[in-house]
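Some structures are shown below for you to check.
Paired with chain B in one complex and with chain C in the other, chain A is shared by the two complexes that follow.
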Partner chain A sequence: MTTIDPTEIFRQEAGELFETLEAALLDLCQRPDDRELVDSAFRALHTIKGSGAMFGFDKVAAFTHEFETAFELVRKGEIKPTQDLISVALAAKDYIRALIEAADSTDAIIGEAILDDLKQFIMPAPEGVGAATVEAPVVTAERAAGWQLHLEFDSHILRNGSSPLDLLDDLCKLGPCFAVPITDAVPLLDELEPEDCYLKWDVTLASDCSSAAIDDVFMFVLDEMKLTISPLAHVDVPAPPLLQETIPDAPPPVPSLSVEPEPVGRHQAAPVERRDEPKRNEERGIATVRVQAERLDELMDRVGELVIAQARLSQLATNGSDLSIKMIAEEIERLAASLRDTTMGARMVPIGSLFGRFRRLVHDLSRDLAKPVDFVTSGEDTELDKTMIECLADPLVHLIRNAIDHGIEDSAMRAAAGKAEQGRIELQAVHSGAQVLVSVRDNGSGLNTARIRAKAEEQGLIAPGAALSDNEIHQFLFHPGFSTAQTVSALSGRGVGMDVVKRTIENMRGSIELATIPGKGTTVTLRLPLTLAIIEGLLIRVGEGRYIIPLSAVEDCVELTPEDQRSRGRNFLNVRGDLVPFLRLREMMDVSGTPDQHQKTIIISTGETRVGLVADQIIGNHQTVIKSLSKLHSDVTIFSGATILGDGTAALILDVTQLVALAQMHSEKQHMSEAA
Partner chain B sequence: MTARQQQDAAAGQDELIQVVMIGLGEEKFALDAGLVREIIDPVPFTKVAGAKAFVPSVINVRGNVIPLADMRIRFGMPVTEDSADTRIVVIELNVDNEPMLVGVTADKVYEVTEISRTDVQQTPRVGMHWKPEFIRFITKWREEFVIVPNMERILN
Partner chain C sequence: MARVLTVDDSPSIRQMIKVTLEPAGHHVIEAGDGAQGLEKAQSNRPDLVISDLNMPNMNGLELIRALRNLPQLTGLPIVFLTTESNEAVKQEAKSAGATGWITKPFKPEQLLAVVAKLVRS
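Showing the complex of A and B:
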């Protein structure tokens, strides 16, 4: 069970590197002069190449090598990273990813085409480099008979697993070299830290290689060392055999009595390696452990079972009279609750990992549709359950596509409306109580209420001239097969989508809201619960059955007064002056017998709609571990799942959105029968 | 037709099948022992309003909420009160390629036994008020006719 496929690890690692690479490339679009970004992209590439070769992904290594070679010129600042070049680089990135994920089904021709494109950009450069030449983008000015190097490593370099001797060996591969260790910094024996590196080296390298080739040797430790390179007109290098001996002999930290003790090495903040990655990573300097997602799921399941068992224990203890058992039960209750919180915390992932993916989407769409778009994200560190993040990807892709395709006008229309040429799309995530709000906002033309209405009438969804609020009209966008796009593009306008988005969000027990200002833009807000696994619920009793209502939906609990139930035709409740329709759960659950004398009404709300649910008794709060219902019950829509109560019986969780929809249908039917 | 039936046909005629013999009403049913996960005493069940008649409720089996099916309804038998012999047979089925646990109420569980295919009777087309697709085949066991049901069909 614990055997881990090493190639799987590579795939995971590569996945992260691709994110870094993509983020760097996209950032380059905006800040083409940022050297850090180029280096960051280059480093990601280099690591993919290296570990790809190590794990036997030869095609990956070969292609990445070509790509890297071509990109070298950008790194040296000889060509500018233009938009077009970045597009090709992104395509190359996709191709490498495809090579890693499905090497066999990926056509090598695509790779060649990408490389040809890359060369197009590179050829016009003054020196003109063939992509096949390896470290050869040679600049004449830098050509020298040899190089004089001075190497000074940070004292902690050995602890990070880098070995200066290995680096010197690599250097030897460039050409004959002569290395002299400088031992000045080696302290007295009693002050010597065996794991620190005190040595410096002066190296004379007899090779006409480029300085970049030397940089490459030290690429991964550049942050942890001082490297001085100066060209030499001519070199006197002792015969190679001698140098071969010199290097292995160069003793690692050796104490020398003649040397003054001197504090060595600047201690830098440890993980320098991640320095160039986007900010969100920079802030997390804490140690992290990679855990397989399934194990987290398993852990959550176990915790869920523990919470259930604990509830049974508590019930037993409350009913009994043994004080010591009560104490233990309370202790376990506390522990189970904190274990649950910790486990849920471990499953939380910042939503930023998801947002990053959309930058590419926006980049490509804005190019394809010729609508310049400024994409702004905020709240990347908002955390959500990892399964929710996975479920959110598709709906958000859809919403962003819609925003660009339908929301943002084309340049001419924007100019006519007096707006900036560049459209703006904001993707935002914020916490709001036990919910997370994710919104996609565009500053486009807003929803065309009249057109939606016309379309709804045309499709026979509403009677012509029916009195509907704008909000009600906008809801038709979520109707299956509803599209107002006049032309069907490859992106949108097929009328599938918004209903799927809505369903996905509702399956996550979330809701979706639309707000639009004509001419100013549209905001789609997704309201999501923090987690899918455990919710706070309100336990109620209807007849003999017990049910859970998600507490986040509960607004109010009131007693059903005799006036309210006086007439059976009038299922409305007066809640502080507002008319609220109510549903009798006894009727919905087919409960026979006489209802309890004091019926309670639980007012639930979704968005703007409020509905009362009439139950026999409100039992109280319940930590609800959600279990899904099997396929055999998938046709029952008013329940979103089940849970297990303290006494071991199953209780069903009411699906609030479905109940509200049902209530609306009921009252509509009533209206109709009244009208008839 | 289904993979299982092909498998049935391909299997040798003298092959013995391990089954769990259960009683439903007046009839005996033989459930493939490979499907059966466990047999438990009746537990309190929770009615699911609006569910299909043959899966009227759910039960908690070791922390899992699973549907409780009543085959008697599928076979048009009267539903009797639970007796001292009533048991729940938990079986595992593949529905749309996903394993699913289902509890099946049995009026009585007899024994785990072997039935032989040599005694397989042609399912009669007439004289039976059960849907033929619910039945894999009918065979003889100790001079009695027993029904080997097609659980996938019954629970779909």
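Showing the complex of A and C:
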């Protein structure tokens, strides 16, 4: 097993502790009287301090100590966790995080400013309480040729894991030792408790060690024994540099440990406030192993290649006649499939880790914009591929910003509309088949369709007076450079627009939907595939070429009837009573020659819209390991990637979203030409 | 060499103990909280337990008391880790049955010295 640098583990651990701390602080805004939250924040701070000191983050430890001191008062109930205090605490948390991540580039002045702020909340601590001045024991530079010791242990000492014999052994290490047990306290056999210690010892130690060295031997049991030490036959030794601990917080002296020489004299220890506090981290039900993210990526790559190789093997085995090879191929197919599922499972991360970050965002935004907002999340347990979680962060930040900035009205408008003063933003994640839906819902004013339309006309995107559905108008929000914000606040106009959000989501093979009710609010829903790396695909043939359609998008497969075939101009198909537009892939791919007699139509859907794709043949299900296309192909929109088939040839993966959009465009054109 | 059970909810501290003790030939068993520690102490029969005091599920003091109530583990040395050199905490842990303590932050040689002191090969 490889050992991982504990400092790195500490950094990761600190990251989790910061999340706990932040969550607790934010919750405290809502429930300032919740003891459990205060304790939770306190435990996180305490661990950061303790572990920070262990791994050489001295600045972290020192700063956190001050922070903890302030929070100690909250814990004792002496001060209230007000909004102001929590804001300072959040700033302090960010500062500690900066100290851990980049200690050198972090300005200590910021830290001092935060500490000053924190101190405003702290009432002067009662003098003398917990600030006891500790005096280091006066150390005599006594040296002797030997020592006479008398040892009496408490009777329970054996049960507590200390062994007097071991201690005598330790004494022997200091020098020649002669120990005489005193047995007069040993009771009669029937009264004897076998686990009690009844013996006492007189020990003569011929060593010129210091009496502190003898104390060190008994350091753990000094309060459970009577130890008298008297020097034997004084010898005058010049006072050597003193060996003694002087700092009360320093570790207790341990034998064999060299201690820095300190000048002789009395030392006044700095007043140190001490406390003991319970620290329990959040319960972690499942034992976990930390694995570096790249390793998971590598593993996924290997599994992908294995699946491809396995597909080739299966194909060979099917074509051949060797039964035993077929059996092995089936076995490997089964194993590869379960290995793929396990690997994908290992990459799944609950989306809750992402949601946590937004609470801070909402807190800060709602304060900056003076719009009180209730932030509700659900479905934190919903799991997504970890790469997707990372990619989702920026789009969601944007959507939440929009929701608060544009969606939620200010207090006055809300009051006028008869709504509760506090706005509400819901962030929800749910599983839906092979997809995950992540939605951001606000109960604000809803989209202003008229304004979007006016803007679109102004920008020349639509002709004035063109007949468009509300939904079509809303789509302009995804147009690059489209912003209806009349006032550019610090939050809007950051360069990341809805077009970027849409592109990011589509790059993940997801889609984005808008739903709005005027005056009631807006919901933005992101539909995302569960994973990015491997999909179930439907393999089809068009002419000589083979293509993959993601199976999650396939709704139905029907045969194209001769009537449908003939109706060249009108590309519509009657599917169980509904008219569905279809695209002839042969035409799109520019395939010459005569089409197969029985053309097949694959009905695909994104959300509400259905589109048929006409192919020559449906080959069947295919485990598709997605390989991205090179940059040269980046302007080819109808393909989202490529894969390698069992026989080693490549097949292109059709981009369902693009095809649906294309088909809709076609059908609109037809509408228009028919209307004209 | 010694079988050492380290009970701490902080993985970094556990790892620190492990990388210090394993090169010295000790075998380190890890437990993430008091309840796990109690279970592993019974199943693994360590020669020494090094436990944090503040932990979820079962804190260090509860763990020490529970271990001291197990007749089969009588005399098992238990060392606790403490952040502050607070006498009251030490006293409480000692009276719960702890054998010794290590104050955080500690140096690797201090840890090794404590193990050597409490476990005889």
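Quick note on the criterion: the second predicted complex is superposed on the first by the 483 of 676 C-alpha atoms of A that agree within 3 Å, B and C clash if a C-alpha of one lies under 4 Å from a C-alpha of the other, contacts with A are read in each partner's own complex, and residues count from 1 in each chain.
Please note the rule applied: contacts are C-beta pairs under 8 Å (C-beta built on N, C-alpha and C of every residue); 3 or more make two chains touch, one makes a residue touch a chain.
Bear in mind that the values here come from a model prediction, so they are computed numbers and not experimental data.
Of the two partner chains, chain B (first) and chain C (second), which one does A:Lys627 touch, if any: first, second, both, or neither?
Only chain B; A:Lys627 stays clear of chain C.
In the overlay, answer first, second, both or neither for which of chain B and chain C A:Asp223 touches.
Only chain C is touched by A:Asp223; chain B is not.
Using the superposition on chain A described above, determine whether A:Met54 touches chain B (first), chain C (second), both, or neither.
second
Touching A:Arg97, do we find chain B (first), chain C (second), both, or neither?
A:Arg97: touches no partner chain.
Which partner does A:Ala650 contact after superposing on A: first (chain B), second (chain C), both, neither?
So A:Ala650 only meets chain B here.
State whether chain B or chain C is in contact with more residues of chain A in the superposed arrangement.
The partner making contact with more of chain A's residues is C.
Does chain B (first) or chain C (second) touch A:Lys600, or do both, or does neither?
A:Lys600: touches no partner chain.
Which of the residues in chain B end up touching chain A in this complex?
Its residues touching chain A are 43-52, 55, 58-60, 63-67, 69, 95-96, 98, 100-102, 155.
Quick check on the complex: what are the chain A residues that touch chain B?
Residue list for chain A touching chain B: 304-305, 308, 545, 588-590, 627, 629-633, 635-639, 642-644, 647-652.
So in the complex, the part of chain A that touches chain C is made up of which residues?
Chain A residues touching chain C: 3-4, 6-7, 9-10, 13, 43, 46-47, 49-51, 53-55, 61, 158-163, 166, 169-170, 195, 219-220, 223-224, 248-252, 254-257, 272, 274-284, 287, 290.
Tell me, which parts of chain C touch chain A in their complex?
So the residues of chain C in touch with chain A come to 9-13, 15-16, 18-19, 22, 32-33, 53-57, 59, 68, 74-78, 83-86, 88-89, 91-92, 94, 97-107, 109-110, 113-114, 116-118, 120.
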